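By written order: A, B, C and D. Residues from 1 in each chain.
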């Protein structure tokens, strides 16, 4: 069902709405849109409260900074850009309510944001029903740019597959082939687990077991005892956020870090910050890291960010927000239009300029599945790590080398006629 | 397999201790003050955060004493200003008020200490496992159990032997008579509320060391505490402790063998108790409530 | 005798005023899609307010009229939402069927939980209803294969209504009118119950269970019936919410939502027919506005709770009526 | 065959023996007063007869049927209705609404979400009839909680009447009332007994009322039965005089 929302701003929809008005006696007169066209509005839905508040906060900071830069450089189509931030609480229900508000009341031109995959999925579905461009900045589930891909949804952060492929090889080669998994019991966790196991089996390793822990688990000891009994070479922890903090702390409490290698897929600055020194350990993948000494523009960006935000370094989340907002502006300016389909066409294949990409090599939204192809940063937490030096990147792996092809990802894109 | 069972019982015991401490405080406040203190969980979180803040200055053991007392001061202020006007009114109102209070306090905690979880650093000697076979017996877990035994024991001693304790118990049974005997029931209620909050504060610090701190840690522990009260028996303080330990252990065992049901199991236990023994394990039989 | 006649006349005048007020409310509601966008609102917001008004009115039948303090009614709201979604996904793509299926699922759960919750009264009843609500919450979170777990249930939408061979798409405005019709239906049902012996007995339960019990009335049965009816209505609201947002998620069953329903009733006036409606409008608009303008919106919503309890225990309508007296 | 019969009834609460060895028989149509000092066990006696809790010893029968340990609900259906020492009415409702819900539940309508016009008329007629009996028609629109204590007790009697009681138990019907209200209530009790033919058992402290209207009087003291008989017999009973009446007369004198 695609409802032609009369409130949408772009011309194509307006024409459609005009045509639909003849059919539907309930179509409302839309008189006020012309006045509100002066600014270009980007609706940013991110969690400011709830479990993901820290991650969401940094995405918002990145996006805010990007919008200021865009406005300094002349905005979008010569018009000023406004970022409207709404709190999703990390829950799909409030997120869609906020989307309804942004679209119907504030009449935003684009939607961006999201940390949790659940929210990304519901916003993608919502945006699709309203013919609106949505860029998922931080929700990782494969399906967003895979089986459930839509013509109007893009994604800046990587896929779960890329997160696992980023550090699979170094781990497997360095530490051994018997692995045990502790997996958060929801879509994101299941996906990471499946992806790791696929690579592990292919390489000739064994998954000794998988303990499913519900989201929000605070006490992981029952899972740790299972892991300990299995005597693996590598203990893979797939939790995120506060859950990972608790898991790592308890891993150290039980002395298990001395018996096996603790590792995982995604790791974030926000999580490492919350860890007591004793639990700072493990092999992980970052999706972006502030310390890239030889890459141009990165130091400038970090400096600007730090002076703006209380001397905190930007995190991968900051970069997601930053890159997403810039990408929307670049695409709209390139398309010379705010029309959803035209912006989508411009985003497809759009390569981020170095001052936005802030990493080596090519960063672009792949045209076939709308997935950003950027680098992965596998590495480890060094001994005696302290903020902001909480991670050592061992290598940068170009996303193009490890990402599934659009066909493998299962994306079949259908565009509106 | 045996060690898994042993372990999961022990693990459940540790979780049950938090439920029991929370349920004990809730139960005290429920009995004498007639208030379902929905903000009990956030008071607990507050205790943990205060300990986190003062720990660098007074050390772990110092914070264990100072932080609950600071929490109690705030609790007494809340009791005086917000809850006292509601005594004698429909319990709906105090429930709603503490519900709103819990939202405000959680938000304030997030504003003050940040949305990111905070590490609560324990002294190194508490972190190590005591023995290699029983690796789950970390020093901290043992200390946690000992502290709980001491605190609970002290509480029951106070209730049994001290003047205020005897009055609290009497007031719990019959507030009118106590009041007619010339006891200042406003003071008694405030003192009782303070004791309840003290227990929450202690639980908060212990939980901070075991589980870490996050703004929403309180709300995840308060629901099982309600169940503990219903299972243990309304009006029975020993019942609340027993209820907390039972559901803690039940959820610990379920977590090891059938993890999908580890939360649901405590509610199932509650439903069973309600059907076959509505007054709870140690509850008083009342004809009409 | 003359005082009695005067009193009756006054009563008639009062009810005359009420009829006019009700007419005004219905007319205003009827034209929401026309005037709301003009003042900067959007139709979906009004739909959400109506859905909450349905839920709160249903809860208030138990809370305000029967005196049963349930703090777990979001469970039935959520069950309604999941029921609707599952019907659309697994049974048939039909909106009326989804509404019916979800309502029945939530209502049956209410019928089953009621007798267990009623083993205890008053404040303990409240605690038990909270706990049962949490039970359904965790079932929804953990039964991944059926409910989608933490991510919620997605993959359904408001399929067009088929009436007389014609497919009618349910855009925001049409869906608003569908919800409005159901809101009117619910208000009519509640109105009818309140003026019937059943409703009179509910109020009597609230006022004095001892008296009623010694009139030979099985009080528990009356509370059970009130509980069940309220859960059916709340579940209906849940189905509509699922259709509004396009999915069902665990927070539809959470205790935060249960508390919101109660505060909506208190805010508007628990003893007033239109109280829950008024409370819902205020609450939804305030929440929508506050959560956009401040990161600390939770504090403000909490403050609404505190202020409502301390200063408007009779609710806004009760407050207005009290001053008029 | 007596209408209400208690045989060696006793009730114990833990160690406390509240009532012991009570044997009472009340005839149909009788107006019986129960008197005794505070703590004599009068309310406990009412609680036993109305099924609030069962006796621990002895048996009770009503209209030829044993009713020991029968639930209050079932007793109400058999025609035993009571009022309470603390007035039990629906406080925030009007007199009319109080009587209406009583009539509706008496007609077994409490689960009906709608009723026919004829039934509604029937309910209204009964409410008016009740109001007429208890003489409260002019105050039908008043909120009961805002009325005087005496009026509230009258309403409570009206509610009890809705169930067509065969045996009416009134627990201190005139307690705390002024002269006018007391007069109104005693008049009501007498009319109910004589005109409606309802057997009435009432607890009363005011000896003037007791001796004025009761057919027979039962005297309780300290959980046991002290005496039973007509007003003349009781006032002549030396045990009653020494144990109770003397005190009571002194009290009234003060």
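We take it that contacts are C-beta pairs under 8 Å (C-beta built on N, C-alpha and C of every residue); 3 or more make two chains touch, one makes a residue touch a chain.
Everything numeric in this text was worked out from a predicted model, so none of it was measured.
Listed by label, the chains that touch subunit A and also subunit C are B.
Across C-D and B-C, it is B-C that has more C-beta pairs touching. Across the assembly, the mean Cα position most removed from that of subunit A is the one of D. Chain geometry summary: the mean Cα position of subunit C and that of subunit D are 43 Å apart.
Remark: subunit B and subunit C have CA centroids separated by 32 Å (rounded to whole angstrom). Each chain gets one centre point, the mean of its Cα atoms, and the points for subunit A and subunit D are 75 Å apart.
Between subunit B and subunit D the centroid-to-centroid distance comes to 48 Å (mean Cα coordinates, whole Å). Residue positions of subunit C with contacts to 2 or more other chains are 141-142, 210, 298. For subunit B, the set of residues touching two or more other chains reads 107, 260, 263.
Shown for subunit D are the residues that touch two or more other chains, of which there are none.
All chain pairs that count as touching, in label order, are A-B, A-C, B-C, C-D.
The touching residues of subunit B, when paired with subunit C in their complex, are 30, 34, 36, 38, 82, 85-86, 89-97, 99-108, 111, 223, 226-227, 229-230, 234, 260-261, 263-264, 267-268, 270-271, 274-275, 278, 288-289. In the complex of the two chains, the subunit C residues touching subunit D come out as 1, 3-4, 7-8, 11, 192-193, 196-201, 203-204, 207-208, 210-218, 221-222, 225. Every residue of subunit D that touches subunit C in the complex is listed here, in rising order: 50, 72-74, 76-77, 81-82, 84, 88-93, 97, 100-102, 104-106, 109-115, 123, 138-141, 156, 159, 162-163. Contacts from subunit A toward subunit B in the complex involve residues 48-51, 53-54, 57, 185, 211-214, 216, 218-219, 221-222, 225-226, 228-229, 241-242, 245-246, 249, 252-255, 270, 273-279.
Contact residues on subunit A toward subunit C in their complex (touch as defined above): 1, 3-5, 7, 24, 26-28, 30-32, 48-49, 86-87, 89, 91-94, 96-98, 100-101, 104-105, 116-118, 121-122, 125-126, 129, 185-187, 214-215.
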